[in-house]
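Here come two complexes built around subunit A, the first alongside subunit B, the second alongside subunit C.
== the complex of A and B ==
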């Protein structure tokens, strides 16, 4: 099968991205040919810049293009609360609620013995360093509600208890707009356990 | 919502591609951060090269990185048959069969009054020029089996008949490995019409 070299290189490139198989990669590559040259250059530049200019915030380990991320650098944020999340995307999701005004700490993963990820592979030592500062009064564990996330939350809770800091875990329950009928048993049990008086 | 500038630029870039919405663009962008720098550079370079180095073959209008595409430049191909397709991807699909040894002509679209695409927007004038050469004996119309493709085939058939060249249309019928039960009525009717004696 003959595909011109520049196209097959591009197909290979797209196929390195997650969820993009040979068919999609081919479709995207041929679409690129029909795009404005300017837009293609923008995308190519954005790829290079995203890889080269981003680093971890020296305080919370979130990704940033400065030394400190915008949340850590914001004097209006409540510095007594730290919300621990697994991923930079979780910070974006949390910020979207516009309800949380504390700081974050990004672990960049969760403890997973299956994948060989222990506490040392995560940014947990940096978190402990931050807790030495006495302004921190509450640590919200907002790791994912799955096995790895729960294990990480449990591990952190035990590790941090001696510091005398309040450690909380985000609530489990039914998603808003969801349907009770289709909720799985574990979620439903958690929702019952977590019921509150109105 | 705060996303570092290099990331949001990359998300915007990915969103320009077809079938990639905000969620997928965000997922891809964050994945790029975890990729090897070398792989990201490869992809960026491939994007630029695909856009800059590719042109249309001066003979068949297929995309190529040379003046003439590999099929047109291949002396072993049967120059008496031209297969007319809508898209460079169709050439790839056809070559994959390894059964066709003639030449191609890529229209780069189909006649579609709804989208304002008439015969002049396609590479039909170049096709007519090729037919002046008397080596061409058969023109296979392999445009897509949908309304635009059929209309284009019909148009070409009428246009080319005066040249005294045999004009054929690829067969309609049941796809191999398909299920008669699930075939739509039109396909089934076409399959019946196109039946052949064994």
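== the complex of A and C ==
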């Protein structure tokens, strides 16, 4: 069937996004046709701006629209602690807690030889540079608890040892507010291993 | 554990099947390619949530149908359960007692099953891979944490091999990262080794008794877990840790050259001996089959010991592969305690007494008729 070029281009564009197949792409595309021109312009501009105006924070490598991100620029934050995460989305999750007042460092991934990601592909050199500053006293490693995330955490720990900075790893175990009986065996085993004295 | 009722619809070449099966022995007879194994497969899927013949659930759905269903009522020491598995091209749904189970792990274990197919006779003479697969499958049924560790280990192995390959080409300072992967590998290997050795020890106890009685005390079976890591004199986890650490260090240069991991649980093996003679190399075909049969029967006892209830046994075309004395032994060992489903091309070679107490069905082109 013939589909006019502009719409087939639009469909192809949507299909490049994760989680969107041909049918969803088609539905979205035709929906765009029915939108007000003003709204379509807004969307198009937002897409371009997100790509063009965003850059990595010169300090923590998180994505930002300024040279320095809001967290790094905030005078009220505790500069002696840095929480290392894999992804900008992890910062958002951490910030939602409103309990952490230190700084961040975003690695943009985990070390994975299979995906061709070595230590230099991540923002690890930038992290080491930050540690030369004497103010940093603790590094919290909050990479994911899978094989790659654990390996990255262990690698960082070895790398940072000579700096004489305290290095900690976030705990894993039972989700708060959940019932013990619904936890799977592996999580429960991990939670038992990581138990603490009260 | 016993399957009381089984209902299939649109499963493989079976349109519809309703089986009332309170008895303990069921015999499905018919020529090849009529659907006998499909019935056993459906019971296997019912127990483990996946097939032993294919990874694609889609293949289980009858040609041209939208969905397949396996329904059963099972009874056992821990009460009655209704199990229901629906397979669609989009995925499967497992339902236990009318409640959908979101995770397969909360479903598996309700019904346990041991399958004995012709390829299992190659456990002894086949490649080490076959024996490792045997350990992984059986240990997985009783230990979820084993599956978890094994999955992580396999993932780690892929990463480590890639790193070794990369480093071989362009030596870099990622030596520090290889050290990290080694540390992870030591942890996981130790845990897998410990679980496997314990499992084999338990299995050996059962297998020995069974083997002695099949061979009328003429032979004694011993099973040795052979680690790729030199583990002479190693008795505990701390000892194994030290051994693998040393071995990894010793092999480091060689691994970099070859670009792959040369030691670890993925290279371990089992060795079976009859009266101290290695059955894999020197055993006769009969000895190999006796050992394979002993392992399978031991597995049944081990599941009973670990879970408190006997599994169901699925014998796919193996009776014809065993000689009379082994056959008699197998049937005696399971008699009265293990519900068994058997397929065979004919009744020849199955003794009259067994036929008398079995329910016999003729299978033809996916339809099943009971024989009076």
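Here, the second predicted complex is superposed on the first by the 189 of 198 C-alpha atoms of A that agree within 3 Å, B and C clash if a C-alpha of one lies under 4 Å from a C-alpha of the other, contacts with A are read in each partner's own complex, and residues count from 1 in each chain.
Keep in mind that, in the parts below, contacts are C-beta pairs under 8 Å (C-beta built on N, C-alpha and C of every residue); 3 or more make two chains touch, one makes a residue touch a chain.
Quantities reported herein were computed from a predicted structural model and do not represent experimental measurements.
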item	value
More subunit A residues in contact [subunit B versus subunit C]	B
Touched partner set for A:104, first subunit B, second subunit C, both or neither	neither
First (subunit B), second (subunit C), both or neither touched by A:147	second
Partner chain(s) touched by A:32 [first = subunit B, second = subunit C, both, neither]	first
Which of subunit B and subunit C A:4 touches, first, second, both or neither	first
Partner chain(s) touched by A:114 [first = subunit B, second = subunit C, both, neither]	second
Set of subunit A residues, in rising order, touched by both subunit B and subunit C	none
Subunit A contact footprint on subunit B (complex, rising order)	1-7, 9-10, 12-14, 16-19, 24, 26-33, 35, 37, 39-54, 63-65, 69-71, 87-89, 92, 95-96
In the complex with subunit C, residue positions of subunit A that touch it	111-114, 118-119, 146-148, 150-151, 154-155, 158-159, 184-186, 189
Sites on subunit C touched by subunit A in the complex	103, 105, 144-145, 148, 152, 155-156, 158-160, 162-163, 166, 172, 174, 176-177, 179-181, 183-184
